[in-house]
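Across the two complexes that follow, chain A remains constant while its partner is chain B and subsequently chain C.
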Partner chain A sequence: MINAWAVALVVIKELYRRKDFYVLFILTALITLMLGALNFFNDRQIARYLKEICLLLIWLSALAIAVVTSARQIPAERENRTIFPLLAKPITRAQVVAGKFLGCWLACGLVLAVFYLFFVVISGSREHLWPLANYFQAIWLHWWMLAVVIAMTLLGSVVFSAPSANVTISMLVVIGILLLGRHLHQVALRLTEPGQTILSVLYFALPHLEFFDVRDLIIHDWGLIPWSILGLATLYAAGYTALFLTAAWLVFRRQNLN
Partner chain B sequence: MNAILALENLRVEYRNREWGRTSRVAVDGLNLEVFRGEVFGFLGPNGAGKTTTLNVLLGFTPASCGAAYLFGVNVREPIARRRIGYLPELTYYYKFLTAEELLRFYARIFHLSSAETERRIDAVLALVELQSARRQPIRTYSKGMQQRVGLAQALINEPELLILDEPTSGLDPLGRMKVRTIIQRLKNEGKTVFFSSHELGEVETVCDRVAILHQGVLKAAGRVDDLARQYQGNLEQVFLKVIGYHDND
Partner chain C sequence: MPSPYLTLAFLAVFCFSLATRMQVWFLNWSGNRLQSASILKVLLGDSRRLFANQSFVEADVYFHGGYYPSLFDRPPGHVPAVSTAEIHGGRSPHNDLPNFLIPSDDWIARFGRHFVPSEHIHLDKPSQVGEILPWLWLSAELDPNRVQTYTVASFWLRRMGKVNEAEQFLRQGWRANPDSYAILFELGSLYDENRHDPIRARNLWELALRKWQAQETVKPKPDNFAYEQITAHLARLEEREGNRNLALHYLDLLKKVSPDPAAIQHQINRLQRPK
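Here is the complex of A and B:
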């Protein structure tokens, strides 16, 4: 665990010393400016519409940062050959994968915290509503969704040799799941065999990232999700994360680094 | 006397995927032992299999056949690398970190306490003469400074065995002299050093024993004096004779 934590700290340090973090601040500022227009014409519909746009921006930005950051971790280590002095130390490849995941996930957690903090402060100061439990549930599920995405992208980074290919494929898969995931089973039922079975298997095998999208909870001030459901969703995400990380380790541990 | 580095009938084959089942033998039937306190030179022309052998020792490449041991532990176990330090041929470190941060990161992997980490950072930076640049990002370092930070990271755990891959490669005469002085100092401290090099003069100066590898096969091994006597010449002449090079001029 100490070794994984050491690797994770370097990942976080790299993120805030690179340009990504500044991009994050610019995006946050943009979101803040948009929220500044809340209560425009004193119309509640517009306020909701703007909140929806802001949250969509947060989702897209966090997703981009998560995929791009995790996709380059192991390929960059190999390309820059920093993997050699690292693996010459008493560290296992499993610990390297775990450290990379932990670093990316914690860094994304910091990014989410910054985004949502601005959102909560400005939205709250305008609307004089502070549904903190709703925000907590939304952030928590969002963060766990990113855990699945990061683990999946790390797996891609040890399978595909080019990070750019991995970023493109991971992004397409994630956006595809978010947009089409919930409809797959309905489509499957309308198909004939073997298409029906194939699509049904795909529906049940894919991580349903759309479960974690609870933006409406904030936009429409809906009631809280039962905490037991939140717990189950967390376990669901943790299961898929562990599965992808194990697969990444199995591939990486056999790779010849010469 | 127990060997702290041992290779037993080591064979490494690389499969060429583009050409189906054909494979290239990089190292073939290599047996070698290095004992405590020795400075051991691992020599051979380019493509002889030196780096492949080091890659097996460090767990980067699996052996196709045979085994490699460090302190009696199979190199497939990460614990085998607990008491070693490794300097790669070219300097590869996180350029966004400072020397101090890099050393702290590696010290953490060796599970050193904070006080011990700081003590060792001070000691190794003093040894490689990088105290004044300790808080500068590594990307601002010259090649010689990067090589020295590489030596510092290799020494952070006070290793009993140092594995150096071409430690003076690409350095100017001053840089080479500094690295050579450090190796000499480590030798005087009783450390075991195993290093590959093309610089035969340097090897002759610092090594107790050498092994010469050619086309993946061990051609000669022994004390530098003994080999010089056996082949009637200095190490360069020994090397050329062993690899079968004949200068007709």
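Here is the complex of A and C:
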């Protein structure tokens, strides 16, 4: 665990040295503030459109940071040949995978904390409402969704030959699940065999990342999600994260690093 | 080989001369998007109209507090409730959406419902309904010829007590759609109900009626609902102002298209009775 933690700390340091986060945060803040300055029929109480746009930008930025950061971890170590001195230390390949995941996940947690702090301030200053428990649920679910995405991308980074291919495929898969995941079964039922079975299997097998997207509840001021449901969603995400990390380790442990 | 500085100077003079020629042509070119004050028009051109309906539907999503069927659940020809609410006096019926959250055997679908709005609500209180306005504004920016956007926005703005804003928006719509009887009718309603100015209301409704007659009578399926509204409002106004003959004239017109001509005849009889 200490070894994995050491690897994770390096990943976190790498993130705050890179410019990705700063650029995306400034862009998000600028766009939100510019749109917040718009005047719609002299009504200063209107807030939901601003919350929607701000949350959309946060989701896109967090997704970009999570996928790009995790996709380049192992390939960069191999390309720079730093993987050899790293593995020469008393550290197993499983610990490398776990450390890389932990680093990316914690770094994304920090990124989310900054983004959501900005969102809470903007939303609160407009609506004069502070539903902090709802915001906690949103950020918690978002963070766990990113855990699945990071683990999936790490698996991609040991399967695909180039990080660019991994980033593209991971992004397409994640966005595809977020947009269509909920409706796959409905679409499957309208198909003929064997399409129906294939799509149904896919529906039940893939991680339903859309569970973790509670933006509509936040934008439209709905109540809290039951805490037991939140716990189940966390277990669901943890299960898929463990599955992808195990698969990544299984591929990586026998991989020729030269 | 000429001097590189000479070549550079020649190219600079050539570019400058060409620019002076091109600038005049560009400013007079009908396809010059920079003539528009709207940033959306500059960025998207006429393709922006494709997104106008999406923006209008988004207003309806907000009207339902996010409880809304997806593209997969929406029946063909689904009409946004935010536009029909005005027919029901601001109260939208609760059957305005298909029942898309039906009980399911699928545990993923059942579990997923905890993370999305799952209760049918309407933001029809004046303090809440303002949330739909940015999307209606955007819809008008994207497609200035979408008449319904102006009339629906005006309806809700008037309910919120924002009469000046409603009038301004309607006039913006009128400038973009000078032949729209629907905008003229809504503007007349604003003058009648909010400004209590029957003279302007009458002028606007009479103009709306002429526009309707010019456009709709030649169509195989004319917009009779709009005709009913215009004639009924004119009849009511003339009756209120003591112009009995004019009121009877409009009631006669209304009777021809009304789904309940007996009720209109009853009104005619009541007006014809000596006081």
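As a convention for this text, the second predicted complex is superposed on the first by the 241 of 258 C-alpha atoms of A that agree within 3 Å, B and C clash if a C-alpha of one lies under 4 Å from a C-alpha of the other, contacts with A are read in each partner's own complex, and residues count from 1 in each chain.
In the analysis below, contacts are C-beta pairs under 8 Å (C-beta built on N, C-alpha and C of every residue); 3 or more make two chains touch, one makes a residue touch a chain.
If you're wondering where the values come from, they're calculated on a predicted model, not measured in any experiment.
Asker: What is the contact status of A:Asn3 with respect to chain B (first) and chain C (second): first, second, both, or neither?
Answerer: first
Asker: Scan A:Arg48 for contacts with chain B and chain C and give back first, second, both or neither.
Answerer: After superposing on A, A:Arg48 lies in contact with chain C but is clear of chain B.
Asker: Does chain C touch more residues of chain A than chain B does, or is it the other way round?
Answerer: Residues of chain A touched, chain B against chain C: more for C.
Asker: Touch test for A:Leu217: chain B only (first), chain C only (second), both, or neither?
Answerer: Second partner only.
Asker: Would you check which partner chain A:Ile229 touches, where first means chain B only, second means chain C only, and both and neither mean what they say?
Answerer: It touches chain C, and chain B stays clear.
Asker: Does the superposition put A:Val251 against chain B (first), chain C (second), both, or neither?
Answerer: Neither chain B nor chain C is touched by A:Val251.
Asker: Find the residues of chain A that appear in the contact set with chain B and again in the contact set with chain C.
Answerer: Chain A residues touching both partners: none found.
Asker: Using the touch definition up top, name the residues of chain A that touch chain B in the complex.
Answerer: For chain A paired with chain B, touching residues are 2-3, 5-6, 9-10, 13-14, 17-18, 80-82, 84-92, 256-258.
Asker: Could you list, by residue number, the parts of chain A that touch chain C in their complex?
Answerer: Residues 38, 40-43, 45-49, 141, 182-183, 185-187, 203-204, 208, 210-214, 216-217, 219-222, 225-226, 229, 232-233.
Asker: Can you tell me which positions in chain C touch chain A when the two form their complex?
Answerer: Spelled out, the residues of chain C in touch with chain A are 62, 65-66, 70, 72-73, 106, 108-109, 111-112, 114-117, 127, 130-131, 133-135, 137, 157, 160, 162, 165, 169.
Asker: For chain B, which residues are in contact with chain A within the complex?
Answerer: Residues in contact with chain A: 14, 51-52, 55, 58-62, 78-79, 81-82, 84, 86-88, 90, 92-94, 96-97, 101, 105-106, 108-111, 150, 153-154, 163.
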